[in-house]
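Two complexes come next, and they have one chain in common, chain A, joined by chain B in the first and chain C in the second.
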Partner chain A sequence: MTPGLEREDGSLRIRLMKGLVVSPLQLLGILVGIGLLFALPDIARSTENLPIRERPIYRGMVLGLAAVGLNLLLRHADLVSFGHAAFFGTGAYTTAILIQFYEIQSVLILIPMAIIAATLMAVLIGYFTLPHEGLYFALVTLAFGQLLYSIPRGIGELGGTDGLNVLAPSQPGTSVLDRFPRLGDIALTGSDIENSILFAVTIVVSLIMLLIMLRISKSPFGRALDAIGQQRTRARFLGLRVKRYVWAAFIISGFYGGVAGALYAIFFTSGVSPDETLQVFVSGDILYIAILGGFNTLTGPFIGGIIFEVLANIASDFELTGPGGTKEIGRMLTGIVLLIIVFVFPSGVVGSLKRGGKVREAGVDLKNDPSLIGPWLSQAASGTVAAAKRAVENVRILLLGVK
Partner chain B sequence: MLEAKGLRKAFGNIVATDDVSLEFGREEGEMVFIVGPNGAGKSTLINLLTGLLDPDEGEVILDGEEITSLRADERVHKGLVRSFQVVKVFEEMTVRENIRTAILIKEEMTGGFGPRGALQGLFSLDDEHEEVEAKIEELIDQFRLEDVADDIAEELPHGDRKLLDVAMSFALDPSYLLLDEPTSGVSAQETDYVIETIVEVSEKQNVTTVTIEHDMDLVRGYADRVIALHQGSVHGEGPPSILETDDELRRLLLGVGE
Partner chain C sequence: MTLGIELLESSAFVLQGGFLDGVRTLLQPNTFVEQTINGLQRGLVLFLIASGLTVILGILDVLNLAHGELYALGAFIASSVAGYLIGSSGLMAPPTSFDPVMSFAFVGVLILVALITALIMLPIGAVVETTLIRPIYDRSQTYQLVLTFAILLIIADLLELIWGSQPIGASFASQQAVNDIPTFELIGFGNVPSLVAMIIVVSLLVGAALFWFFSRTKTGRIIRATAIDREMATALGVSPDRTFTLVFALGSFLAGFAGAMQFVRTNAQPGMGESALVLSFVVIVVGGLGSLRGAVVGAIIVGILENWMIVINPEFQTAAPFAVMVLILLVKPEGLFGTWGERT
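Coming up: the complex of A and B.
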């Protein structure tokens, strides 16, 4: 199947690749979205008025990528992980260790090694989660996440709570870009150009990872995971070796975390610390990001990551001065804002955009045939009930670890 | 032939299945019905045969091979398939997707663990395999699900849900099909329709069926052989006529003859 045009129910569809057929409007949305992603660092840089900064956008992208991986378990297999920072952190720490102790700088070595380490970690942790379902599965992932968090904190060589430095060697004329294979004798200097290139690389990698996830979610393997999520016992009695598939999904999920961790450590951060890569709050953020963006969508978790980090960054500027002194209330503010978002957009931000399209269509139908108002109203009512149920489901996932 | 040899299963002090030895499918395509009052151990027997439960004692033998220690999914690939008393389908999928999923699993096309390899499992589209699609249409046709083929399973009427459930079992090309009350919860009008469809398809494909059933009219109408269980043991077995001639059985089942 080659790219081209096709017609479905009389309306035009554009086939971009096997498994990716979109309407013209959707194509426009995708192109604008990708363009916006590439423009984000410039937008952030060019204005002091907008509270958008490069670092949170970048961190949002990589955490979003980790959330895309987590979503393979959440969306299809109905499993909630409270410990996905383990793979993000393993990727980041592997990169940092290779830079610090082995003086390896090339991304061609750093990224694959980080991915291998994170994937192996997923093989190990995944194995121990296999006997469990629901809340117990979530708790086992949480326990392993905490275990991993404590390791670098306790080992002085790994920098303890301060973490490891991953800055490029600070001789004149060297930059993070030296970690890339040289394509020619191009001299690139200036941190703005550097950052733009790093952003572009990350966006391209993320888009490829999203396409891979798209194909997985439409594959027979994805269908097997759906079967496990919707009726585990029946899946088994259709002949599916359920635990093997959950394990495989867990490993793929860890792979995504590893890619995210490597990108994070190599590009934009000055250091890799336990609190920013392995802590339970990072796991919570990754899970929350998937829900915020919409865990029933492919791109939701990725976009959710950017929204989440930018909002969290804005909130971190707020302080509260009281009798006990000045306190940062960023976390609390983020929590409140995000809780509101979950209730206003129970299907997540991207999921709600999709629903918005349906509502518009219904509106057009209504204009053409006013007698549809009855069914339309009852639909709206049942839609509201469904939305409330989804909001409750979101809260349940966050608090109890079960869908 | 599917054999139970001295199967025993106890839950605490309650012995659900006590030294049960039975044979199913003495001739291919045999239709066996299991009858007995509630708590007789009918479902437990099917659970033991299919691997949902492990027996405390005894063996399960399939076509001469001992399969007692095999996992449930391994037994399915050997042709031993079951359905459940409560409909177990994939609620968020359409009828077509449910059947497709069953076939993809049966053909080991879902991943890197069967002969077809990981790449196909991960990177082919689930609906692009022509032989699978052809088989889906055949099953939809056989079970007369055309009108609801693209409806979500959750929203189907109960009779159609039962038919879908059974169609998914037949999608696995079973040699032995164990049905736990296929007509439970189905309205009186739909009961005949459901059981007739099952009988028709299993006769055509020469499948040996073992069916738990409470409706004695259905048992009389379709059974080649009837097995009666009582308090975990085999009370008796024989042609459907034992339902009339065995007075004690009549008393157990119907509360008559006292």
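Coming up: the complex of A and C.
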């Protein structure tokens, strides 16, 4: 299966690698998408008017990477993990500890060590959560995440609630780039260049991780996970070693979390704190990123990460004044977006846009028959009225009983 | 290499020196009894929260992530209710010294505050269930986690919008009025405030009422029957919709009551819901999924352990409940008590 061209139903297909066959238009789309990703920091920097900042995009990409890992469990094995911050945080904290206490600066040591630590953590937590399914699985993973959250908070050496500093030693002329192996005697200075390079590295790593995930999900291993997700008992009768498969999937998703955590700690933050890396809200973010992007797609969680963080950043500019004073309502707006996702676009952003998705189909229908817009609007209106009537009826029954 | 050494030192601390010293301090009779009583109080409030969560989980099959925020909402509502009822313009002002009639009447007013709060929570819970949660019962469980988390985020911001981001404490005068009543002083443990006694007694009464409700009343039996076999219950004429709404409203009632108790004991503050939610999860795992008995035992274990850890070594206070949870998962993964329904 070498890369090349092939024909399928009379149309041209380009085979990039095993399991990745696309049409020319799709290839163009992928290339444009990747190009856009690389250009994001420059776009963000060049305009003051666009509500896009660099930081949220960085954070969104690394959280998106963690969500890609989580999605292996969610999409294939039908397991909702609510404690993925555990692996993200383990990766971040391992990096921070190595920098702080062992004065290791090279990414060639930092990243592998962070991945090893996060993977070992996944082996351990996976072992305890294996017997559980469904909501109980979510509950147990959440509790483990919270256990890890309370450890650095309790241990003074690990910085307590303030966390650990991960900045490179602040001598003049040093930068995060010193952590990379020197290829030549190239002088790289200036924070813009630095940021762009770190950004590019993150994108390359993410693309590689996405390709690995693509191979995993199309491999016999991925198919077995699918079977387990659909019907555990049946999968067991078919001779699959369910627990081993689930454990392996859990460990792989922990691996992804570790990569994300290491990237976050090395590149994009000045310090690693429990609230930013290990808290239950971080676990929640990782899960919702996967769902926002579309958990039935490969790239959805990654793109969802960027969308989520950019939206959250925009939302944090909004303020509302109530009896308790003026306050940012970022969390509330995030909540409302999640409500919309649940009720209107359950297959997520990428899931709705791809072929067969809700938005895509609606667009095709509209193109074929523009007059559809009238019935749609009246449908939406009558639907809203009906929902309101139902709500009133429910409240009436609650208050007065069935008459 | 300093961290390695420090970690060695801290494990050495755990094995000998400090930890054992802490245990020795705890085992002094007075300290031990006082911390255990405080832990019992904390555990009983936790039970009120976790029982709602566990019943909702057992019957609706919904892991309500917003439950902690309902508890926080209860605490804030209680602060407003207390503002109306307590004081010279309200029902009664806190008595300044111990007086058998007035002091106990004031305790009655505090319980009234909690009851009114819980009654306000009842329709709130019912509306949340009917409008938001009901449409997604037949969809993947992933969505209910997203949905309840969205509700959590919205309530968390609403709380700060309405009541501000500063903690609101019960007035010192009203706490003092309860503490003036001699309770633990009579048996020689003067360090434990009488508020703790009040909360223990009230929570025990509510807990007992809950067990009575589920084992003796028709509605309670219907709820349990629905938990055991939803289809059969429906076939026998039980409306699952109404049962679900009732259960969710009941859970909100209990969370609101617990919030009011916590407000009276310390204060209402943003962020209190999150830790309560996570500790309730520990209680459910320790006690067993959907088991009310398990929730009692689990909550008391968690509460007492937390308070013991304050004396032994405060650094491990937050980690200790999770350590117990891991232990239970290793030894008895299904929790101390099995599935609820057949027995209360």
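The rule is short, and it goes like this: the second predicted complex is superposed on the first by the 347 of 403 C-alpha atoms of A that agree within 3 Å, B and C clash if a C-alpha of one lies under 4 Å from a C-alpha of the other, contacts with A are read in each partner's own complex, and residues count from 1 in each chain.
Assume a contact is a pair of C-beta atoms (placed from the backbone, for glycine too) under 8 Å apart; a residue touches a chain by one contact, two chains touch by 3 or more.
All of these numbers come straight from a predicted model, not from anything done at the bench.
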| item | value |
| --- | --- |
| Which superposed partner A:Ile291 touches (first chain B, second chain C, both, neither) | second |
| Partner chain in contact with A:Ala248 - chain B first, chain C second, else both or neither | first |
| Chain B versus chain C as contact partner of A:Pro346, first or second or both or neither | second |
| Partner chain in contact with A:Asp226 - chain B first, chain C second, else both or neither | first |
| Which of chain B and chain C A:Leu36 touches, first, second, both or neither | neither |
| Contacts of A:Gly325 with chain B and chain C, given as first, second, both or neither | second |
| Contacts of A:Ala388 with chain B and chain C, given as first, second, both or neither | neither |
| Dominant contact partner of chain A by residue count, chain C or chain B | C |
| First (chain B), second (chain C), both or neither touched by A:Leu5 | neither |
| Of chain B, residues touching chain A in the complex | 50, 52, 71-73, 76-77, 81-82, 84, 88-93, 97, 100-102, 104-106, 109-113, 120-126, 128, 168, 172 |
| Complex contacts: residues of chain C adjacent to chain A | 1-4, 6-7, 10, 57, 61-63, 123, 126-127, 130-132, 135-136, 139-143, 145-147, 149-154, 156-158, 160-165, 242, 245, 274, 278, 281-282, 284-285, 289, 315-319, 322-323, 325-326, 329-330, 333 |
| Residues of chain A touching chain B in the complex | 18-19, 215-216, 218-224, 226-227, 230-231, 233-242, 244-245, 248 |
| Residue ranges of chain A in contact with chain C within the complex | 74, 78, 80, 82, 97, 100-102, 128, 131-132, 134-136, 138-140, 142-144, 146-147, 150-151, 153-157, 280-281, 284, 287-288, 291, 295, 320-325, 327, 329-332, 334-336, 338-339, 341-343, 346, 391, 394-395, 397-399 |
